[in-house]
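Two complexes are shown next, each including subunit A; its partner changes from subunit B in the first to subunit C in the second.
And then the complex of A and B:
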């Protein structure tokens, strides 16, 4: 837009793409125009189905057979219109001057070639290097993407590397030829928070070394805010708002952007003080991009006659900022919906669930993996205990032991003082009914062959003991209403419902009787953020109205911080940190908690903390480290004591317990930022690195 | 619940009809349409043959033996002067009784075994599946011949024998489908509700494996037709003077040089039926894969 037009790495102009499916033509990208300057990072954000990956695929010319580019130009480096380039020209450009990193590195790497070979091939094909030179260049490149011990890693096959390392290899391949354009399609989705943060650090650092323009595609606003200078927001195939990242997130001028920002739980938001603001309605169906109106009008609080009659043109609202909203001047004045928050449950309730020395060991020939190692904790009546940790920390195994889906090896589980037998089959049916679970993936948690009415009816009969048909029907109607399902939804099968609706049905099923404790295993991780907010509100509301306790498992610290009364942090099968929600994160005590918190991508500068880097990945539970299990990755490693001695439980004034050799009084000295979470710290602050 | 949010909007559903989803690709598949048309012809013929045969298939005519096809006898006559067209049309009924009955029994046994082994795993699975493996190591026709030689030839025995050899094959298919389904969270959810194992196997898992089951049924039906014809051919099944195709082919062999039409037409009929069933199976499989 400005005078720097001579410096464009990529220019997309008026792009229109449709998919042909079963004789229909569905428009998925409509009139998208964007520019990326040399060395600039441009973030393209949007929820699932908004067309962001289609745009990326069009730029790489990797669109599937049934996609039709109806109009538009994609000009690369101010010379080549990629949409008209010959196959030979495209082959020469791809992997050389433009490269892409995909979401799932495990499937993007060839499993039958060593990673060194795969990186070396890029040099052989595009630089014409000999095999030997290519191998050396590959090793050098691996060093640049911070792979430790590259001489050994080059001989490994992809499956021998962790997800984070695989993604580094992908970056090494993409950057091998120092391309002009790098397309990153959700490169950290599916990685653990600490690994994700590492990969993002790498991207930030590589940007300084390579003058590559980046198109960063993500559904995570926090990541984009952290990495990109400019951001475009896609909704239903249209670029509805664009501008510099910080300005756009601080002062959104499209109702969708504003709503998206408001439905993410932020620092300081708690279920008893703030209600999340979900976006009404649901994501538009595929093909909505074609309508001759504003695509967001059905969900928009500002929508008027005009919005439904013509599509809004881009309005320039400030320097380098544009928005497609007729009433963009009114956007900052949209008030957050002022609905009261859920009631807090009174403190000091009696203990409901008690776990003592729970152990789960999986044995197979020769090895034994202890995934839950001597865990003890209690959940009080009506309390939400948040359980966080990386994948492989044993959170899900712990939950399954509690509900009886798997049998623990040792330990005691007691509900209301009554010990539960390990196998679900041996438990008193009355006690068993009081423990229910909401699963992670709503797509598989509901039987696809049954209607919603059948699913809920079965649960009502089994959990509440009702037999009479009319009573069962009344209970089903009541349940459906309490999770905001319409009567029409009852006669549909799960395949006809959106992800959010499916999760509502799953929640209704768990509440069919009168549960005392509901285990929520990542209940929102498969949902889009605008849907997640509604589900979290629902869970908070049900918890308050029915005084149910939750064991809420999540990898999303923001969600846990919002919903939980107390938080437990798990690492390698052990609880390392447990305490009231207010004090576990504020300030963090255990070094692992501190690292998890620092890895959390935050949207605004004020929430960002100094990055605390962890070394390597979570060790195997079949061979856990001696002493403190976290010592191999700990940023505050003290020395031999951590390696040789199991750390004691430390207790601080707020009743917060953590498993570490560092006492609370010493910790305050080590954490200069502790207690002042809102201070802005430089991004690269690495003073806390292991010495 | 004073803070009620509005109900979820009706339009928050994905417009999709399940039955239509499956039917539409089927109706557009020429494979499936041609197969089911031929199959329908033979099924109708097997039921209504007494009304459509030009002559009594058993009526002897010593004056008209081994006559080639002519306007009077379109498919010619056999060594006893019986009308080959009438016998071919009448022969469908025995095949289309034995084969579906045997398939249904085999399916029942196989589904039960497959559900139990796939759902419970462990020792039950190990024992039953090893037995199945060893059974499958023998050529099926050898087992069938062996059993029929002991039991004696009869229609009921043919049905039982085919069902017996099909059970392990169906059990394997069902077991592998169950293994995939039992890991899904809806099975865990059903366990948490306290549903019994039988309720989970039949009420939750079975409805979700109907796809592979339907494909397996059509494939087995084709084999059952083939196997029953083979057993008739070996005189281990249906006995004379039935117009059964396998039996007719076996007896007509003696006149192959002199009067090939006696064998040719029942053989062609058998072939079209088996091909039709296989076309239906292919069509179904493609529809489920889509």
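And then the complex of A and C:
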């Protein structure tokens, strides 16, 4: 591809956008300029609320009614200023030469039209095809976005498809007319890691095929690093740094970019060696970002007088690189705010939680779905057991059985050797206190009509047995301090707190007694990376100081790798791989673990693994495959033995167990370690093509 | 859930509804004071005559026996003899019921055919003049008493302009009896003069009865459309550059109709009650008059017959609503 600067697919120049809300005009996008060349993928990253979607919607000319474009130009294909185009012109461009794919495919597809119809419609309208030709064209496009069995899928309604398939349909609609520009707004957020990886593979392949320019919006730095040539970092509506993806992530020149990168748990980082480095403070509330100063000054370790007096202009720091920071030369020297890592918990502690042959079957008329199928494992005192697996693998059901939210069908749960009754009601209150749970979404877990003090007070009285008012108050203050809530937060209701603060309240509540085991079900997946970093630090500290154990469920393997001492991998209700964290992450490991790890988005090349694709989707637990449950999707499938015989447990030297017919010595030869092999991904192909 | 399943469930429900409704009506009509035997025989009849009359009507037996006998006859399709008209209740119902249904259906069609486009228009032109006018119209419709509107229309179109008849169902002989719906019978037998006359007679009463429901339908469609137009998939349709008409009609309206079907189906029940008033104003020979007279005369068999048939109609309307709903919403079709 030529890549000459004159060959622009999109040029955004000095864009300023405000939202009108209750009579106020709140600025969300300030002076954003960017260019995307033909066939180039440009990544726009930034935390929630920084204005990414607003920029995307402005480009599609599809802003909400209360949005005002105060200034700027958006030039499409070096001809149209979209901001001045007539509605008829816009309709002709949209869906034809520019197309968009949204975050949530479930709601972006019309529930009462077949997906085939929805794709065909684009052909009918923009290409003037007859109904029949359009249907054929749609089928062909579904094949291109690699939907299995497209002839049947065309007649399906959106709710009959999985999230990954729905997103493929969205891509089919967007690509139907071979557009010059494709805007992707968090197209994989909310999808499972393996599905996400597949969708990203698809994007990369389609790029090679269609030569479309892409604006890729994401809060996930790893994904952007993998897929995009150039990246822009947005903070409070300003593009604060821009440059080639690899260079920018390897050597950031804006304090915010650097800070963002330090929040992400990377390869080789563990809770006992590296403290994560959350960004102090928080994003300025909407419309309050300083216009005549550096927006990042309130949180910046380098901030000085000058930063508060005038806004920094873009500085060109290298070829194609710019940053809006006066003191960009000092950025590489910013030291991590090292406050010491949490202490490691001593090995060989006695067993705390013991699960033996646990089974959970959900029955409904005529069918029985066994979502937890004969699971056994143990958690030692003060240990973090990470539990990973695709959605539908039974992780949450397992956790709910343990805390007694649902009753297991069979099996034994023991805490400190004492068997727990299946129903929470039959459990000794003292034991119930020792088992606590933190949920994914703090919004639904906290009562919105109570103050934080009330919420924590209730938990203290219930879980620690304290009654005396002064003592309860002291305990509340202590709890709040240990999760770093400020005293003034205590009198607020959850609605007035940010997501991160709410999650702190939820954690404080779980620690109100003196829990021995806390089950964390995706506690950080609804949070931004900088907030996630703070919560992970907090969990690591609490673990070390109170020697509490966690069963930590997450689909983010980077987070699990950082926090867990041991890891269990679940597939279709069974544990297929379990052992010390390092040995599960390194080969030999179960083929499913291998595939999960290969789907991990990594920021730097060195962390990336060869992509291993799984066939199809996770089977239904009401009708699990015979033999090895993974055999229908296993990339290392051996043949009849896998289909017919339940595989044995294999043990490797590191004390790591996995459930497979392939012996550790053989697997070790097949599986390369991370970064040891050239990644077989289209980005590699793309750069070859460029050189 | 399959269509057959829904039909089966509704039909089973129908048996229970008919049983329950007949039991309640039976109990109530025997608890209210008044002696139908005496009313039949006349004020001055001797006690023997009244006693005889009571025996003829079966009123001398214990209540439970009377009720069981009623149920037995009901199962055979026999609704008894009307005390007032001295004809089988079933024959009376066959005569009067179609008239009422014809009126209600015509009113509903009017409300839907006009209300859906108005609601859509109102939603896409939200807060603009069209919307203001439509909203005013729908509030007026909902709050206008039917009898008042009926009298007004009769005065205007019949009294002043003389372009529509003001009472009855038809001039001249009715068309050959096939279904009892004059318009349908006339059309089926190719009797065009009768069709024209039946339609002309239907016009004012249907307009009167339909006007209230026009308001309800318009308001329902408007709010459903406003909600659907906010949905992400409408954004997708816009972003893929589809025309406005295609977005509104193919993408939005289809989904807005789903919640509206239930609403409109429920309204049909109200429509049957509303018909009684309208019938009085237009001297429409439907159920309205028949029921009012039967109640005044304590004509139990007629009252019970009417109740049973009306509740059957109600269950069937609900069945139709369910089926339409399933037809429109693929997600319901899939469940269960």
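The definition used in the following text is that the second predicted complex is superposed on the first by the 663 of 691 C-alpha atoms of A that agree within 3 Å, B and C clash if a C-alpha of one lies under 4 Å from a C-alpha of the other, contacts with A are read in each partner's own complex, and residues count from 1 in each chain.
In the analysis below, a contact is a pair of C-beta atoms (placed from the backbone, for glycine too) under 8 Å apart; a residue touches a chain by one contact, two chains touch by 3 or more.
Note that the coordinates shown come from a computational prediction; the quantities given were computed from them, not determined experimentally.
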If we overlay the two complexes on their shared chain A, which of subunit B and subunit C does A:426 touch? Say first, second, both or neither. neither
Going by the contact rule stated at the top, is it subunit B or subunit C that touches a larger number of residues on subunit A? B
Should A:93 be classified as contacting the first partner (subunit B), the second (subunit C), both, or neither? second
Classify the contacts of A:109 with the two partner chains as first (subunit B alone), second (subunit C alone), both, or neither. second
A:439 in the overlay: touching subunit B, subunit C, both, or neither? Say first, second, both or neither. first
Touching A:125 in the superposition: subunit B (first), subunit C (second), both, neither? second
Within their complex, subunit B touches subunit A through residues 1-16, 18, 184-186, 188-195, 204, 207-208
Subunit A residues touching subunit C - in the complex, by the definition given at the top: 60, 62, 90-96, 99-100, 102, 104, 107-113, 121-122, 125-126, 157, 159-160, 170, 173-174
Quick check: in the complex, which residue numbers of subunit C touch subunit A? 231-233, 235-243, 246, 250-251, 254-255, 258, 328-331, 334
Considering only the defined contacts, which subunit A positions touch subunit B in the complex? 275, 278, 280-282, 285, 339-342, 403-405, 424, 429, 432-433, 435-437, 439-441, 444-450, 458-459, 462-463, 481-482, 484-486, 488-489, 492-493, 495-498, 500-501, 504, 506, 509, 512, 534, 537-538, 541, 545
